[in-house]
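Two complexes are shown next, each including chain A; its partner changes from chain B in the first to chain C in the second.
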Partner chain A sequence: MPLLELLLSAIVDALAYSSMIYMAALGLVIIFGLMDVFNLSHGAFFGLGAYIFVTVFYATNNFLLSILVTALIGAAVGLATERLIIRPVYGQPLAQLLVTMGLMTLLFTLIQLVWPTGLWFPETESFIVSGYVEIASVRVRVYKFFLMVVGFTLFALMSITLSKTMFGVKLRAGTESRELARVFGVNIDRLFSLGFMLGSLLAFLGGALVAPLTHATVELPVHFSLLAFAIPVVGGMKSYTGAFYASLLVGFVDRFVAYFAPWLTFAVDLFVMIAVLLLKPEGLFGR
Partner chain B sequence: MRVEKLRGLVLPHRALGYLVMAAILAAPWVDRSLAAGLALSYVWASLALSYNILLGFAGVASFGHAVPFGVAAFLTAYMLKAGVPYLVVIPVAGIVAGAIYTVMGLPAYRVRGIYYAILTLAIAEALRSTIESTARTTVALTVGSIAELESLAGLYIYLALFLLLVALALASAAQDVKSTRRKRARFLKAVVYAVFLAGLAAAGYRMLFSSAEFLAGVSAGMPRVRVMRFLYPLNAYLLSAVALAACYIAIKRLAESPLGTTLVAIRENPVRASVLGYNVFAHQLAAFFASGFFGGIAGSVYVASIPTVMTDVFGSDKTFLALTGAIIGGLGTLVGPAVGGIVAGVLRDYLSSLTPALLSVSGLTPQQAQLIPSFVLGVIYIAVVLAMPYGVWGTWLLRGWKLKRKLENLLGFGAS
Partner chain C sequence: MSLGRVILSVRDLHTYIAGFYILQGVSFEAGEKSITAILGRNGVGKTTTLKTIMGIYKPVKGEVRFKDENVTALPTDRIVSKGVSFVPAEKSIFGTLTVLENLKLAYNGPKDKFADRLETVYSMFPELKRFSSNRAGELSGGQQKMLAVACGIMREHELLILDEPSEGLSPLYVKTLLKELKGLSESYGKSILLVEQNFALAKEVIDYVYLMDKGVVVAGFPAEKIPEKDELIRRVLGVKL
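After this line comes the complex of A and B, so read on.
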């Protein structure tokens, strides 16, 4: 049954893709929810993460180490960005928009400058990274399942962090009402720095995890930055669970369109986002 | 009445403007390679001016400014291929682009602020990727040579315009010098004007001399290829420069009109403006139309410089270029975006053609070296947003008088 096989591989692809988009957008949801800064350069961070990861991987040939290094660089970049670029324009939405737009373009240019032709992720011996399994005569890359697991783990970790740890409680308090959180003794400045660092770390981590599947291509940063913007818009700007459902929605729409109407792929994600913005600007899963 | 109006053309404060315009026309005769690079940067300056109507005056942030620009560029290419005269195409493309931008502005009624900015960014990208993926190949419309840019009339207009501007500059400068009371200031002004005018005269001599030589060559039966190589870039340059000047004057009029002042009132406080009885949304739509119209003219003139229109005209880098020009120059000012746009264009297009030769020693490929000016432009942009919220020209308007007074004291003719 070719249709069934097609369906199976489309579903696997869609789940993996949803997980990729979720990883791209999660940091943005945190940053926007907490600080009201719609960080347009978030997708560029994601792309930068992919490129740095592949570069480090070529140097060390160690998957886990490369991921760790990329995440650390992400945290450092996040801290530097927050201190140098975001802090001077707190409370000025237009200036934030303009400055992060500039940072996005700057990072895109930087990526093109340093890696003009993109980077190809090499084949490895590891079964998880480069292996294939056969399910009902469909060859599926094992790494896709790995991505799904990571995506769900991130979602679970995020939920636990938000509900069980002090940091998560403060984060949610800051998202609800910054003023009130400050009154109750939360050091908002430090929380902002931490939140931005975490968001940027997640972006770099997402880029690193996606790279073995997509390779660090030239289009990757632009492509994923638009997808990363789409998730908070579709899911509701400040909703952590909304981001999860929105990723599933966009992932499934994108992959199924790619399988059954390939000429519309990618544009259709943007159409979903445009439609949601026009019809329900507060998002589908927002409160 | 007529004479009064004509006399109004020659006023002391206009001298600088005429000098700048004449200098712009003189530039390609100093160095012929400037013509192509500068023509394109005038297109970006027009685009920055049009962007400034929306962001600077109406206060609406849209990241889809590439849409009217790209639509006009494609429309122009189509119509030129169909044989429509260029001078008809430009306003038509402007009007269509304005109408499309007005439609794009409709959601601004509901979707505001960053949401609207993201929406427009998504619309521009969706348009680009839909065209690219439905066509399945690279979409490229190549316009052959444009008939209007091949005519000798362009050269005559060029020369006449240059001479007229120099004459006006001379008359205005003479008036300015005459009306300055303080002796030292008068002397200094006279010297500066004389230096400028001497430079212009030198360029003008070269211009007239080589044009006469060229015209003699044409009547002696110079081969067509050589004629075109001389004439075509000059005409394209003239077109972009005139379009920029026309956009500047029209937008200046617009800003001074009731519509422009109402837009500023709406930008400053929309609720108050609506309580005072202004229809906020209708005014914003008017701003969208005006912005799209001038953006469309920029897109239409762009085709004269870059005859192959591809889907990258919808790319967010076009929006960013307009944004950079407007921001560096100063949002809400008039001269700022024009100068900022030229600076951004020169950095991005002209210098990027020079850097590969300059940086070939440092082990960069030409493509990489070409990107360095864009990178520098991005850094300048971020620095300006953070350090000078009013842009370079806006800051000068706000604080410049202090510097001016210091300078005057330094030169020894300060008002004591």
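After this line comes the complex of A and C, so read on.
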């Protein structure tokens, strides 16, 4: 492939991959970045989202319905997780690491038991899901553009929710001080339940959305677990815009390395994270 | 007590913090539509008393009644929704939110009344209007304190509880603040309970005084009696008036 076509292909892949990373990290921006909960099982949520989505898709053959069902299951799983194991450990990072590591192990094992060889997402009739377009003699999967649009839309929705709505103001207030938020009349228990539920929903949704491209492979949960945690670190823990730019950065670095120095892929993502931690520990976009 | 109806009554509160016996049987009452002050030296349990009333600390024994309803150890936000607004001494605003976001968050009344209430608060503290879109953390110490009190007033309340409202303020600010509080209780019929170290300034506006020492309330009397209680006040507070 000539260089120009290679470059075009790499850019499309990088943008799509950035969107995928952002979707994996978005829920974690709320749960880890805003609520200060180390949820190690976030990547397992993402993986479970992919598996459940493909399973529901086989049963219904309806893309939107499968997305919706997966998101609802995500919300339910998030709510149950918060009530049962997260609520007793707010403000205790070590306990959070232990209980969510337990949950992560449980979910990974569950996934391996139910779907030991992974799940292949089938070809569909839909042009958006399975179709291709040709741009300057490069054949590109239409779904990659769909992922970019969804990624940008989620970013816009997230920014508006956090900066403009009272839910966002309350969440930021609760992050700064739970005690003072209560003094301001905020029902913090309900707020954090909602926040955790929303974060988990976004993880499942992200898993569902990437599945048509990546398939629900065995290594998918672990791969995106690492990426999801790299994003708040690179972007700055408290910065919800930072997560977006960090996803673009990691996405471009990863894909360009994959195209031009494939033996370094993935390792380079973690190099980015380590370099940021060494040079600017508060994150590139941290306050 | 001689000040009409009682809005808040505290009976024999005992509170431990981290194993330390801080409140050792605190009892007092705050009257409706008046300003009640709790005075005492540092570390006698004034802040703990207020935080126990607000449900932030749970007492091992004792009772807090607000408008004849038992509110002991309810979740703080429930107590707030019943009409008690609390302005803490430390950490009383959200530094990462803007001034306006702080005020919006504090407001819990009907939506259509928000603009009116905001205007009222801005007219009391005109500086806040100028900085409304600044992050609260960027304000000076005095302005932050003003914002904290403004948030306390934004919330729907019948009883406003203030912990050390004058701490860290210049004498000029304190004068304005106390004048506003006096106006609030006189023209809007609000009840105010405050903890204060600056007795010289506080005595200008208060209606009833309690003296606290070593985890208990040792005396309570109307403000007119301050001159004749001079000896007692000096002994408890360790100051000459």
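General remarks:
Note that the second predicted complex is superposed on the first by the 283 of 287 C-alpha atoms of A that agree within 3 Å, B and C clash if a C-alpha of one lies under 4 Å from a C-alpha of the other, contacts with A are read in each partner's own complex, and residues count from 1 in each chain.
Just so it is clear, contacts are C-beta pairs under 8 Å (C-beta built on N, C-alpha and C of every residue); 3 or more make two chains touch, one makes a residue touch a chain.
Computed from a predicted structure; not experimentally measured.
With the C-alpha superposition on chain A as described, chain C and chain B fit side by side in the combined arrangement. Legend: residue contacts after superposition of the two complexes on their common chain; A:182 is shown touching chain C, with no touch to chain B. Of the two partner chains placed around the shared chain by superposition, chain B is the only one that A:281 touches, whereas chain C remains out of contact. In the superposed model, A:7 makes contact with neither chain B nor chain C. When the two complexes are overlaid on their common chain A, residue A:138 makes contact with neither chain B nor chain C.
Working from the superposition on chain A, the chain A vertex angle toward chain B and chain C, CA centres, sits at 90° in steps of 10. Of the two partner chains, chain B is the only one touched by A:116; chain C is not. In the overlay built on the shared chain, the residue A:172 is in contact with chain C alone; chain B does not reach it. Ranked by how many residues of chain A each touches, chain B and chain C are led by B.
Remark: least CA distance from chain B to chain C after fitting both complexes onto chain A is 17 Å.
Overlap of the chain B and chain C contact sets on chain A: empty, with no shared residue.
Contact residues on chain A toward chain B in their complex (touch as defined above): 38, 85, 88-89, 93-95, 97-99, 101-103, 105-106, 109-110, 112-113, 116, 226, 229-230, 233, 262-267, 270-271, 273-274, 277-278, 281.
Across the interface of their complex, chain A is touched by residues 54, 56, 75-77, 80-81, 86, 88, 91-97, 101, 104-106, 108, 151, 155 of chain C. Residues of chain B touching chain A in their complex: 61, 63, 107, 110-111, 113-115, 117-119, 121-123, 125-126, 129-130, 133-134, 136, 316-317, 320, 323-324, 327, 365, 367-368, 371-372, 374-375, 378-379, 381-382, 385-386, 389.
Those residues of chain A that touch chain C in the complex are listed here as 166, 169-170, 172-173, 175-177, 179-180, 182-189, 238.
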